[in-house]
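Chain lettering (A, B and C) follows the sequence in which the chains are written, and residue indices restart at 1 in each chain.
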Amino acid sequence: MDFLNSILVKPFADMFGAPDFLLQVLWEGLVSGVLYALIALGFVLIYKSSRIFNFAQGIMVVFAALTLVGLHEKGVPALLAVPLTLLVMFILAVAIERVVLRPLVNQPDIILFMATIGITLFLVGFGEIIFGGENKVMITQELHIPTGSFEFEPFGGFVSIEQKDLTAVVGAIVLVAGLLLFLNKSKMGRAIRALGDDHQAALSVGISLSTIWVLVWFIAGVIALATGIVWGARAGVSFALEVIAFKALPVLMLGGLESVLGAIIGGLAIGVLEKLFEIYWGQPLLGGNTETWFAFVFALLVLLFRPQGLFGEKIIERV
Amino acid sequence: MLYRTAGQFKTSYHADHALFPVRQDAILLGFILLLAFVVFPLTASEFTFRAMLIPVLIYALAALGLNILTGYAGQLSLGTGAFMGVGAYACYKLTSIFPELNIVLAIALSGFFSAAVGVAFGLPSLRIKGFYLAIATLAAQFFLVWLFEKWAWLYNYSASGAIQVPNIDMFGVTVAGPNATAIVQYYFVLCVVCLVTWFAINITRGRIGRIWKSVRDMDIAAELVGINLMKAKLSAFAVSSYIVGISGALFVFLWRGAAEPVLFDIPLSFRVLFIAIIGGLGSILGNYLGAILIVALPVVISALPSALGIPIASATVEHLNTMIVGALIIVFLIVEPHGLARFWAIIREKLIMWPFPH
Amino acid sequence: MKNLMKTGVALLLLGTALAPAAWAQDAINVTNLSYRTGPFAATGIPLMNGQRDYMMMLNERDGGVNGVKLNYDECETGYNTEKGAECYEKTKATSIVTQPWSTGITLQVLPKSNVDKIPILAPGYGFSPMTDGKIFQWAFNPPASYWDGASMILKAISDGNLDSLKGKKIALLHLDAPYGKEPIPLLQAYAEKHGFTLLPIPVGLKEMQNQSAQWLQIRRERPDFVLMWGWGAMNAGAVTEAVKTKFPMEKFVGIWWSGHDGDMKSAGEAAKGYRSISWSLPDSNAPVMQDIKKHVVDTGKSLIGEGEFDWVFYQRGVLISMFAVEGIKAAQAHFDTKVVNAEQLRWGLENLKIDEAKLAEIGMTGMIGTFSTACNNHAGHAGGWMMEWDGAKFVKVSDHLEADQDMIAPLVEAEAKKYADANAPWPINEECK
């Protein structure tokens, strides 16, 4: 009885006992959720257009952030460093398309997946040689990202909202809106979607596979830079950031590998739920640190009912 | 020339199905076994044993387990490291609860624990496929490693949360723990690996193996011809996790000597996956070739500069090493996506044909 | 199969060829299992640089130790236990000391040290019960163990009166790895004795940079103090979150590995008031540091970055190399030989005497407390100071603190015995001459 009470009643009593704290938890969850969604978005774009499960998205985040900070350290003004970093990401996209993807066209999924892990390892080694392994500080101020915090006092408690987190959320919304607009309205965007729907049909109407691939990897690079700036502002830039790529995987499972909307909703849902679970169930009952696995287990349970994720394309199998 | 098959006639179906339809294969295998059992132990230094020979064998065994699941039954798994951990912790608990238990028996039994856990986490495979399943196995990976951290009973409540292998004797010889000599451990691992490989070759050639392959190639078609998918998939998870569990127990008991939970984290899973894929999915031989490449090569690379007298910081070597391994993976995937095993198969074909081009 | 064989033979030949070649006899090999890569590189690099530069300086200035060159070498582990074990195997034939640099690697090599007879030098880290030299004959953790650190921190936050902690709540924010769990047994013993509540809050390796859940927990639990056993990217993450949560900095105290200038830089002004215990004090004007500047840094042989010379961690690296060098000196004098071997160094490390005269002689006055090791005391218990972050650097804010050995000694004995029992048969040096 005590046990049931501690699982079913007490957590909710805690939530309503300290509503300001609950709000803070929700906000923190939401901010992590936005970041997860951004990384997942990079995955989805590439998967949609090329059926490649791009494991390298995580290291691309680190690489983009390091390039930005590294360039600034070399004396490049911050606002110039951003376009320069984008140029580097573009070169990276071209290189990946030329060297890795082109020879591997039409290989089974798992081979392409392994190739992206190869890219990850390569970039880890390459990045450490160039930038060194030290922790770097994100150039938050130079990029004119506000650093203060807003404070509210609802229900007699207090909730603090970091301005840079707020900037992150707003930035992410703008980025996603722009991306959706691009995918739905522009010619290139439609070509990407066409390629996602049917490779051969897209090729036959004259869409260039290699151009689109470079474009998609470049967009993934842009998203990586945005993620890197936001996450770097929270916790510094180092190779330890790479592990956040894993956080995007359950988001993909939940949202579906092909769905942009799914990535966003999945990301937010997982961000909020894992935080709630950790604070109200994980820490009091399970010794904490449940965030490492909660998202995976949750997504797994959802998948048992919907094997293609919440928003994924229905899998139709023929013999 | 070396591989001339002329004059080797098969007069019965039985002979045609033999493990070595070509005599030279058998001779070659004999030669390799001779090398492994006699030549290496006589020549290798302790460093070679501990940093190359033993790990290559253990990693190859883990990859073999994964290969049965991924290469033969077509179920992609990213949770190998955690299943190795289950084997290792099971073996640790078995030896600490029953100190009198023979170490061979303890290792063999610990495989059953990881098989059970493997089956439990294999259940979703009945509904989930492809990358979704791969990510689902990550649930096992992260959950189990977390459990190794939190469940103090597993590591006998030691303050550091790590497990230490005590000295374990078998027939008066110390085989595990700090006092064990490298050569004894090498022989122990070699024997286990040979035994499991023999078992794996036969199971994959037999009825069960063919069922797995049919599920891999197209599960719906397999179901239509009367194969019980549930049985097929779960048996693949069970056999695979059993082998992986054994390799995990060997990993800690015969090689590392101590382990902390983070050892079984995702990098280990990826490493084993690399070996299986670079070596060749759906092949037994490939696991050994892959293990040699992925495990031994970095050791050689990192030792090269100092051996050649090139003054270069060890950190830079390590960075270069990571880069080279990454690049090598890509190169191998481009050159031969079916792995080193296929590479060898092509060479063998050529040798049989030689000197004629076709 | 043929490929396998060919590659195998090739690798084997290469492997045997690469097996450590015999070094020239007029040098002493000191290998460091360094980590300049990986998620902990940020904290590792200045320490490694300090260690390297001290040895280089001795070679440049004095031509080594009593005329014998020091061959400082690194084997990169990336803080990865598996790589560490490999490095140990690789270097054990040549190096006279193992410096494992991670509690995980220390635990791996600890059982082997008895067999291979190579001393392990783990200054200020490793397994706290290693202090007990009777059981851990080959392992050394001068000048203080983590338990010393925990005891000193408690003293500092209670102003010397531990009973004033009664009824208080102390959170331990720690890395969820053997290192982070080190202080828990001692803190628990203290909690029982002095009636405060201990709340361990683990931070997983994947959460190091995103500790919002941990800090939400801290906000909910409202502990009176937060102690931190953090490392690498975790330190910076924790300080940033603490600033965000508005946790009062003066109630936030870290162990010596959480007092790294590089980590604090990202929080800057906001982290003012954060304290960390330290067994070393940086002093850029000390003769030894000036010599390093003259012989190594100014000649462009050092690898340090801008400002790194003044960092706590760089200068601590120098001190760590000093332990090894003093051990070598002691062994040279005792065995009347130039090139000491591993077994002789063990004696040397067991008979370290770092007193004021010695510190003055090597130009390190004031950089570290005095201590001496003995057969049954492999830590030396030098004590330490509280350092406070003033927004730009760490400054000393307390008098010299000493750990409470009455509390620690029984625990050391019990834990060491537990370790020996679990690993029986374990050689124990009962007489301890």
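Quick notes
Operating definition for what follows: a residue touches a chain if its C-beta (ideal position, glycine included) is under 8 Å from a C-beta of that chain, and two chains touch if they have at least 3 such contacts.
Predicted, not measured: the structure shown is a model, and the values here were computed from it.
Centroid distances built from C-alpha atoms place C farthest away from subunit A. Set side by side, B-C and A-B show the greater C-beta contact count at B-C.
Look at where the CA atoms of subunit B average out and do the same for subunit C: the two points lie 36 Å apart.
Subunit A and subunit B have CA centres that are 33 Å apart. Contacts with at least two other chains are made by residues 36-37, 176, 202, 204-205 of subunit C. Across the assembly, subunit B contributes residues 146, 149, 315, 319, 322 that each touch 2 or more other chains.
Multi-chain contact residues of subunit A (touching two or more other chains) are listed as 128, 133, 246, 287, 289, 292. Interface residues of subunit A, counted against subunit C in their complex, comprise 18, 21, 24-25, 28, 31-32, 128, 132-135, 137, 149, 160, 162, 231, 234-236, 238-241, 243-244, 246, 275, 278-279, 282-283, 287-289, 291-292. Of all residues in subunit C, only 36-39, 41-42, 44-45, 176, 201-210, 212-214, 216-217, 219-220, 232-233, 236-237, 240, 244-246, 262-263, 265-266, 305 touch subunit A in the complex they form. Residue ranges on subunit B touching subunit A, taken from their complex, read 70, 76, 124, 127-132, 135-136, 138-139, 142-143, 145-146, 149-150, 218, 220-221, 224, 266, 270, 273-274, 277, 281, 315-316, 319-330, 333-334, 337.
The residues of subunit B lying in touch with subunit C in their complex are 25, 28-29, 31-32, 35, 40, 43-48, 50-52, 146, 149, 156, 158-162, 164-167, 177-179, 256-258, 260, 262-263, 265, 285, 288-289, 292-293, 296-297, 299-300, 302-304, 307, 313-315, 317-319, 322, 340, 343-344, 347-348.
Those residues of subunit A that touch subunit B in the shared complex are 53, 99-100, 103-104, 107-111, 113-115, 117-126, 128-129, 133, 246, 249-250, 252-253, 257, 286-287, 289-290, 292-293, 296-297, 299-300, 303-304, 307-309, 315, 317-319.
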